[in-house]
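Here subunit A shows up in two complexes: once beside subunit B, once beside subunit C.
Now for the complex of A and B:
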């Protein structure tokens, strides 16, 4: 069994992030707050509640080295939280957005972060030392619809975005004064900010969940038409592969190693995709058991009561033999999984453990240590 | 039924069911129309955060027509109790359901589907029972009334 810990924190979790030492987890319980829980003596206790946003917090990221939390919310704002003493102090980031912020991620060097928004723009924010605040630069005029996912390339300059117009785009986010120009040839030689390096038009449906592989060679993103797209050699002539699968679409993906990726989505169980020696990707299996539990006859009880009250209980004799109650998918999560976060051990580039959170309010930690059939790909 | 929370692209700080607004065509998916015959149809329209199911119930004669209309209007007026029911059916249909991502977060998907199927079955049963009772009553009343002329 790959799931090693299941924690029920709230009724519904929008997104979550772990602290650098993995002792604390921050998540949004589907409202405008961020709750931080700490694991002490096998029990989770709520240590902080960050309350600054007015609407639901759509993205949380916790930087590993500088221990800062960035949160972005549907109220068009983003805050960077610094731990001072025992309190988290927020700093407002002027994003200059006029629609909701949908996703946020720290760059690998943690000097910048990217925010994707419903205003069809992406904001790249960096810290300006002279004025002691976070400044944003916008990438405008490129997206046709809301930006649903952002992902940084390991070189800290390239940024991949996915949008509900079905396209995945790669931009250069070189900022003078913040980034140093590496004497490397390749995609990072286009050093103008906001320059679109690549636009991938592979999906006919909305695109979500984009991630780069650990080396930055491969890009993967998910389409709402139950397909996952892999792009190698991102540059002037990329090679793309589509993998279609039978189940419900995914929401997010995570590269566990160069050749293995875990996807999570509406199926309530993580799916593993792997590439063989030739580099061809395919679906391997689901993680975790899939028990077929039958739902009880008390479906949506408040509805049947309301109905029964109107017409007398006798007429509404529960005849469940007439309609076969559909079975739940089983598995550890009961509802859609919408966020997957790696739990990296320092020094190791492959991810052995990761955690998922979903609309059922659970945060589940998974371990790939004992999966014999998957260890070839790690 | 894959819905997710999606803030409005047109108006800031708002979150509206996109299938009702239809302002951003890229957020809507192709509607599916399932027809059993001329008189029974089911239209399913989806978008990124909401889903609208409209059904047309079989009505064989005038009496069923009137009964269906009155009965479904009665239920739709009390739509709050049912949460997923829409107050007015879509033009051309008898009853509509609107399921948003909030329902998806609160309730489980397979139970929502079970509810809708069971609801429609119960409606059909109710209407046939009502029709039978109207006919029976009519017959009884007519018999009693005409007895005085025998």
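Now for the complex of A and C:
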């Protein structure tokens, strides 16, 4: 089985992140707080509660080398948290937004972070030594709708975004004094801050969950119409592939290697996609215990369930709850998964372990070891 | 989505109607040769993209409806129909269901059940999200 640990931390989790040594996990239990738990003697213990935001925390990222946490919230602010002694000390980052902040990610060098927002803008934030202050620079007037996802290219300059206008865009985030000339390579070689390198108009509906492959050669994002998009040769003449799949849409994706990706979303079970020798991507299978053979019959039962409800014949006798969890299909998660985070081992670009969290309040750790059919793609 | 533009104006509508008439004749001849799958494929191809002209839409629907109603063996149809047609077929099935006409709805529901079994809920989502093909 691919799921090696399941932790029920809360009723609902909006996002989560791991400490650099992976001994602690930070998550938002669908409110204005961030809870940090540490594993001690096989038991998870709440060690910190970060309280500073006024509204739901929509994004958390924990930097691997500098051990800083950045949070973004619907209250339109971000905080950078530094551990001083045994206390997490927040520094307010004024994003200059008039709508909610929706997602946040540290750049690979951890000297910048990007915040996507409902104000149709992306904030690139960096530290100004002389003022002891995080400065936010905005990429405006490029998105026609909310920015749902941000992803940094390994070169620390290029940033990919997805938006509810259905488009995926790639920008240069070169900031004088923060980035050096030698880090500019490839298509970003002479682009200024905020310059749009590429706009991909593949999806007809909302786009979510953009990621770069470990080398930065491939870009992947998902559409709300049960499609996943793969883009090679990001630059003036990109090569795109659209892959349609038979189940509910995805919310986020993660490259585990150059040729394999895990997608999570409304279907409650992580899906594996992989590229063959010719580089053609396709759906491989679900992770977890769900049996593929039963996929035919499940629709029948689902429809009869729905008809049962329609005619007031409660088939299962229960369900007095107003809010019912989505069908679990025997998977580990019982509701939409909205966050997938790699558990990296130092020095290895292939991700063997990752964790997922979702609206069911669980954090699940998955392991790709001993998955014979998938090992070819790792 | 309004920014995508390119909606067909009335002077273009005549050209579309001509194309639909041509398609209709082709479908009739395929049906006469008892090739309902070929007829449906022809019907699903070349739906008028991005048109707001109701006349075009309903003329096209009459043709597709004719092909859908000619289907007897749904399983056989779906196994010989390429997967790329599933999404657009689903969209036409919902158009059929919206007519409220009893025999049409019966037929559409029958195909809908088999198509969902085969193409999944993802197919329904794509047909809902499709803004290119006007049906």
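Remarks
Methods note: the second predicted complex is superposed on the first by the 336 of 378 C-alpha atoms of A that agree within 3 Å, B and C clash if a C-alpha of one lies under 4 Å from a C-alpha of the other, contacts with A are read in each partner's own complex, and residues count from 1 in each chain.
In this text, contacts are C-beta pairs under 8 Å (C-beta built on N, C-alpha and C of every residue); 3 or more make two chains touch, one makes a residue touch a chain.
Just so we're clear, the structure is a prediction, and the values are computed from it rather than from any experiment.
In the superposed pair of complexes, A:224 makes contact with subunit B and with subunit C alike. In the superposed model, A:56 lies in contact with subunit B only, and not with subunit C. Once the two complexes are overlaid on the shared chain, A:30 sits against subunit B while remaining clear of subunit C. Within the superposed three-chain model, A:200 lies out of touch with both subunit B and subunit C [touch as defined at top]. By the touch criterion stated above, A:75 is placed in contact with subunit B alone, subunit C being left untouched.
Once the two structures are superposed, subunit B and subunit C can be ranked by residues of subunit A touched, with B on top.
When both complexes are overlaid on chain A, the residue A:170 reaches neither subunit B nor subunit C. Residue contacts after overlaying the shared chain place A:248 against subunit B and subunit C alike. In the superposition on chain A, A:100 makes contact with subunit B only, while subunit C stays out of contact range. Taken together, the two structures place residues 144, 205, 224, 248-249, 299-300, 303 of subunit A in contact with subunit B in one case and with subunit C in the other.
Looking at the complex, you find that subunit B touches subunit A at residues 2, 4-9, 12-13, 15, 24, 26-27, 29, 48, 75, 78, 81-83, 104-115, 117-119, 121-122, 125-126, 129. Of all the residues in subunit C, the ones that touch subunit A in their complex are 3, 87, 113, 116-117, 119-123, 125-126, 128-132.
Looking at the complex, you find that subunit A touches subunit B at residues 11-12, 14, 30, 54-56, 58, 74-76, 98-100, 102, 118-120, 144-146, 164-166, 205-206, 224, 248-249, 251, 265-266, 295, 299-300, 302-304, 306-307, 310-311, 315-316, 322-323, 325-329, 334-336, 338, 359. Touching subunit C in their complex are the following residues of subunit A: 144, 204-205, 223-227, 244-249, 296, 299-300, 303.
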